[in-house]
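Read through the structures below before going on.
One chain, chain A, links the two complexes that follow: it is found with chain B in the first and with chain C in the second.
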Partner chain A sequence: MARITAGTATTDSFGLRAWQAVRAINPVYFIALVLLVWVGFRNPAFYQPDNFLTFLQRAAPLMILTAGQVFVLVSGGFDLSVGSVVTSTVIIGAILANNDPGATWWVILALLAGGLLIGLINGAVTTYLKVPSLIATLGMLLMARGVGLYWSGGAPRGYLPDNFRMWGRGGIEGLFGLRDFPYAVIVLVVFGVGYWLLLHKLNYGRQLLALGDNPRAARLSGVNVNLMRISAFVLCSMTAVIGGILLGGRGGVSIETGTGLEMQTIAAAVLGGTMLLGGRGSIPAAMAGALALELLFTLLNLLGLPKPLRDAVQGLIIIAAVAYTAYSTRRNR
Partner chain B sequence: MTAISPPAAQPSAVGRARQWLRDRNVPPVYGILVIIFIVAILLDAFFGIDDELFILNQTILTNILVRSVALGIVAVGQTFVMVGASIDLSVAYLISVTAVGASYLMAGDPNRVWWTVLVLFVVGIVVGLINGTLITRLRINSLIATLGVGLILRGLLNATFENFAGSVPASFQTFAYGTIGPLPISVLVLFLVVLAGWFVLRRMRYGSHLYAVGGSEEVARLSGLRTERVLTMAHVICSVTAVLTGLFVVSRLRAGAPWVGTDGLYDLESIAATVIGGTALSGGKGGVWGTLAGVLIFSILDTMFNQIGIDAYMKQILRGAIIILAVGFYTFRSKAEQG
Partner chain C sequence: MKPLRILSLMLIAVLLAVLVACGGTTTTTEEAADNAAETVEEAANEAAETVNEAAETGAGLGMEAAAVATEFFSQEDLDNSIRLISVTPEGPEGEPWNQYLEPNFIDTTQYAKEGPYTFCFSNAGVNNPWRVVGYTTMQAEVDLHPEIEEFIHVDAEGNDEKQIADIQDLVASGNCDILIVSPNTTLALTPAVEEACKSLPVVVFDRGVQTDCPATFVQPIGGYAFGYTGAKFLADNLPDGAKVVALRILPGVDVLETRWAAAKQVFEQENIDVVEVQFGDGNNDKVKTIITDAIQKYGQIDGVWMDAGATAVAAIEAFEDAGQPYPVINGEDQQDFLVKWQENDLTAIAPTFPTFQWRTAIIAALKVLQGEQVPDPWRLPQPAVTQENLDQYVQPGMPPLHYAMCGCETMPDFPERWGGTASQ
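On to the complex of A and B.
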């Protein structure tokens, strides 16, 4: 996004330079800002810290999932299995834990191990069998959901214990003088900062972006292409498990928990300027894209639109935003 | 596919058979189809829940074909789009729109069939034009553009209808249940659609243009093709096949509900069947005969799973695994042939 304009800056007026500086900012931040102001305009109570944190708690799973998806997207792949992994995390978590608070920790570990395995399979199938990631993860979409539903017999069974659900709906009472500081927001900040460091500050991220930009050049310059690809899928699947833990905590056990999330994460990432087929993307911008989507849902709710029409508006906004991004990148060239 | 095998002095019978198939451009996926068919017969013989072999039962064999009709028609359209290096995720929603629209507009009255069908095909053409315009003029990635259009269709549909609406007249159900002699009309329609798809792709100038655009849009444009028009046309064709599938589905169910398209997973399964059939996601190669084999593989598996009594969720798991393995086998093999 941040394209450097060639050098006659000294003769430019202040206004022009300011305009160029604004132009260099990823448009997703403006979209999110406009939505934020609009929501506050419709519902001034939205800005009260407690209410805003509750909103962030609700937005956290999608933002974290989107950050995970970005790793696969910038490496040049897709992960369509995210939603199924989320659903199965919730279903299988409920069966394994079965309302026993003592089981929570090993259940979370087991679920993460499951995510690791799914990521490894996705990665291995794409790199070694050379199956396009769209198809490989589509197969995994069917398999992951199938395993969850087969295990539970098709209907949710068992309960998630309270200390499992606290991650999604609980908080620390009285922190910063607030009523309740949600754990989900803490998780969001930890993963947001961690993934930002990983993709933008560490060598790993540079190699991954190089790989997505030009696999051949990356391989010739010594990047372990297969390892990088597989690691991106593993990261994404394990993030999906984290997202599932948060969503299961908030909404309880349902076989619809993760439905549609794979496309929402991809749409949010693209809204944030992530390029499909790899090479470019930013964690903060993608997370802002996810935030913008959640703000949009809130706004449409406040405007009193029936739920189905929200889908339609979401579709329109995604098309418009991506068309604008495509247009502005073309113009900058 | 077109790799030249080294000239052997005395080619074996298998080698000659392979050469014969290659000379006639038989897609390699037919090998997988045959293998799966044989495996299905063996599994049915050893683990079948009844004593009867499905291979000897004409009803079941016909059923395999009928099962292929809904997915098969739309997969032909998806093949066009994917040959042009694009993709269409909106087909499932368009199928729902068609199914609900047909039963609502016809409202059981045989006199309203013709103009309803006409209206729905116009809707399909418009949706295809929108998809094509978003992708070629506004340069939106096809995955995102068609996903967005799909969401809009779903939203509008769900906001208007909540359940089964209206019904189609009995005469319209001939499409799904009628037969000409022993041959179901629907299977004939599928065959005609595949044949038309083959003719357009392989025998008409438009087909060559589409392969050129899918192979390299840049080169196609520089050699004077109006690439935007070619690709938009492919999207229109795809949407029209989705409408035809929707009409078949509603003619089978008698009434349409907003979830019939998405529950049938027609978007992802038509893509999977096309890729299994040998059309690359990157475009420029493949064809409708391969896609037909991909669709038949799905129907045979479904029938076999029913014959040996596999749980519905286990079916999903196996389906996912088989999609991956079939495409893996295919890509792995073509990599090996390239050397």
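On to the complex of A and C.
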């Protein structure tokens, strides 16, 4: 037995090394790739640049929101208020702007200020009042939705002006010979690169990861733990406002806009190898996770499965993918 | 390590099995659709049949979205609804909430009582814009009648159990002179309404109950007429074999199943190719995704049928964003859709489930308490917004999801009470 093993080891050493190199890559990229090929197989038109950009435009909000969620997750918390903040952004934005294009800029600033406030509350309640973030942000989920709906009287009021909606819907006509280069994709790239720098290249990110990994050690090494925690929640809530602006732009005013997004962002982040309870996570991988999730939605749509089965398959795939990701990252550690 | 590996392998195996099973069936049907598309160029007539066949089988397991649950369907009711659309209503001209179709008047002297009255209302919920507009209109109607001294409203928040308890509480309180019920679901609320009938007069509206005990039942023609009007308009304005996407909100709701049942029959009779039947959950973003994918997949979509209009504008925008011509479409009487229609000169129609029925419920209840004759059932007309009367229903300054068929324009405090502004 021993002799045979030794023999194969020498002959396959290159293959083995290649296999190990492949294994070192985060599996979420393979999952996304497989789904990408599969979707293209069902719908060849999907690969046409215009169509693919339309898809990216659709996926951009979830990808950005997931990147925001990663900051809270790696710091050891959860933010369940994301979906509600998105919905409230759309509803309150419509009331404030009321179809007046001149109002767009101050409305966007006001909404971002609202996001800042919600993030501060989430962070302060979690750090100073010692309420677990799961509960604190669950409360915020109900509050943000309730306030938005109460203000609007139960049904959406007002319209979002076109220059507000252009971020989610419009694009630069004729750029690179395309029909439309969506603004949402530009926003996606800007936030993707910015968040990648912030978490992986700057001291801030290192401190945040250290905090999530071991709060006590981080505190002893001089990290301002409370400030870091609060900043993660603020970042996430303000990202949710950005996501709301994109989603409201794409679809228009609706009280359903943000429904379920909190779970989708967490699932996407975990799919991208982000560890719940903190300490480990990657912005590009989490965004690839969000992309994979959107591809999955598209694929299930194309396959034309009945809705209940589609939900079941979706849940199954998420569990399987996360289990696989968790399994392989744990081994690589 | 070992159990983990086994677990993940098992998961992936199950997953693959499911996907292969589902993927397999749809592959064959989609090939059929592709073949059909090729033959279109060769022999148009023949192809139309193949396309239709492909459409029928084409949804694969997605048939559930296209199928009509049998417990919600009755051909007799469907035919009767279609007949009622063209019946001229009786009652005061220009006040559809006071009108009725083929009335069967009943005597209510047994309920007659001296005012002032306390009206009690058990409401299924105020959980969507249609109900918000309806309930606002109802409150405005109550304010018109000084003889209604008190109006007690209990919101069941879309929960059968809560509504049953609400009705029991209202009856037990002994304060109510009459009970108005908008049932959350038909079957669950029937016993509670029967019980209430023993103590006081009851008026039911919106969704029905399976008992004759209420003094009267107020309802427009219903879901069949809604679905038929939209589908018939599409069929009349599209050529044979035109590709149509049908968008539904969610499965299993009787008032929505009947809309689709009627539309499906029209499309089958008129050779319209329904390429997709999808549930959009009333979510703009999802609807936009469904339409965008359908345009990519089939190259062109000629028409869109919807069982409710809240997401109609999102559907239309998907065509704009894809650089495609506007489809022939049916929405509903929501302001945002009517405005979009007027601005872009769409080929469109808006069947309605009129919110003015919330007024009628109060009017009927008052008549019952005053011992006047009322029709039972009180069949309300169900007008549609068409190209001819569109201008009359577009009301700038009203919220996007305001329902134009509220019959509330002449009521006090319009439009502020409904969330609108007088001039814009």
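Definition applied: the second predicted complex is superposed on the first by the 314 of 333 C-alpha atoms of A that agree within 3 Å, B and C clash if a C-alpha of one lies under 4 Å from a C-alpha of the other, contacts with A are read in each partner's own complex, and residues count from 1 in each chain.
Here, a contact is a pair of C-beta atoms (placed from the backbone, for glycine too) under 8 Å apart; a residue touches a chain by one contact, two chains touch by 3 or more.
As the structure is a computational prediction, the values presented were derived from the model and not from experiment.
Enquirer: State whether A:L109 touches chain B only (first), chain C only (second), both chains, or neither.
Expert: neither
Enquirer: In the superposed arrangement, does A:A45 touch chain B (first), chain C (second), both or neither?
Expert: second
Enquirer: Would you sort A:L302 into first (chain B), second (chain C), both or neither based on which partner it touches?
Expert: In the superposition, A:L302 touches chain C alone.
Enquirer: Output check: A:G252 vs chain B and chain C. Expected answer is one of first, second, both, neither. What do you get?
Expert: Touch status of A:G252: second partner only.
Enquirer: Figure out whether A:L316 sits in contact with chain B (first) or chain C (second), or with both, or with neither.
Expert: A:L316: touches chain B and chain C.
Enquirer: In the overlay, answer first, second, both or neither for which of chain B and chain C A:L175 touches.
Expert: The answer is neither, since A:L175 touches no partner chain.
Enquirer: Report for A:Y327: first if it touches chain B alone, second if chain C alone, otherwise both or neither.
Expert: In the superposition, A:Y327 touches chain B and chain C alike.
Enquirer: Should A:L220 be classified as contacting the first partner (chain B), the second (chain C), both, or neither?
Expert: Neither partner.
Enquirer: A:G154 in the overlay: touching chain B, chain C, both, or neither? Say first, second, both or neither.
Expert: In the superposition, A:G154 contacts both chain B and chain C.
Enquirer: Across the two complexes, what residues of chain A are contacted by chain B and by chain C?
Expert: Touching chain B and chain C on chain A: residues 154, 306-309, 313, 316, 319, 323, 327.
Enquirer: If we count contacts the way the header does, which residues on chain B are in touch with chain A in the complex?
Expert: Residues in contact with chain A: 134, 138-141, 143-145, 147-152, 154-159, 268, 271-272, 275, 281, 311-317, 319-321, 323-324, 327-328, 331-332, 335.
Enquirer: Which positions of chain C touch chain A when the two form their complex?
Expert: Counting only chain C, the residues touching chain A are 1, 4-5, 7-8, 11-12, 14-15, 18-19, 22-23, 26, 30, 58-65, 126-129, 132-133, 251, 276, 278-279, 281-285, 287-290, 292-293, 296-297, 310-311, 313-314, 317, 321-323, 336, 399-402, 419.
Enquirer: Inside the complex, what are the residues of chain A that reach chain C?
Expert: 42-43, 45-46, 51, 54, 58, 94, 153-159, 169, 179-180, 247, 250-254, 256-257, 259, 297-298, 301-309, 313, 316-317, 319-320, 323-324, 327, 331
Enquirer: Residues of chain A touching chain B in their complex?
Expert: Those residues of chain A that touch chain B are 78, 80, 125, 129-132, 134-136, 138-147, 149-150, 154, 263, 266-267, 270, 276, 306-316, 318-319, 322-323, 326-327, 330.
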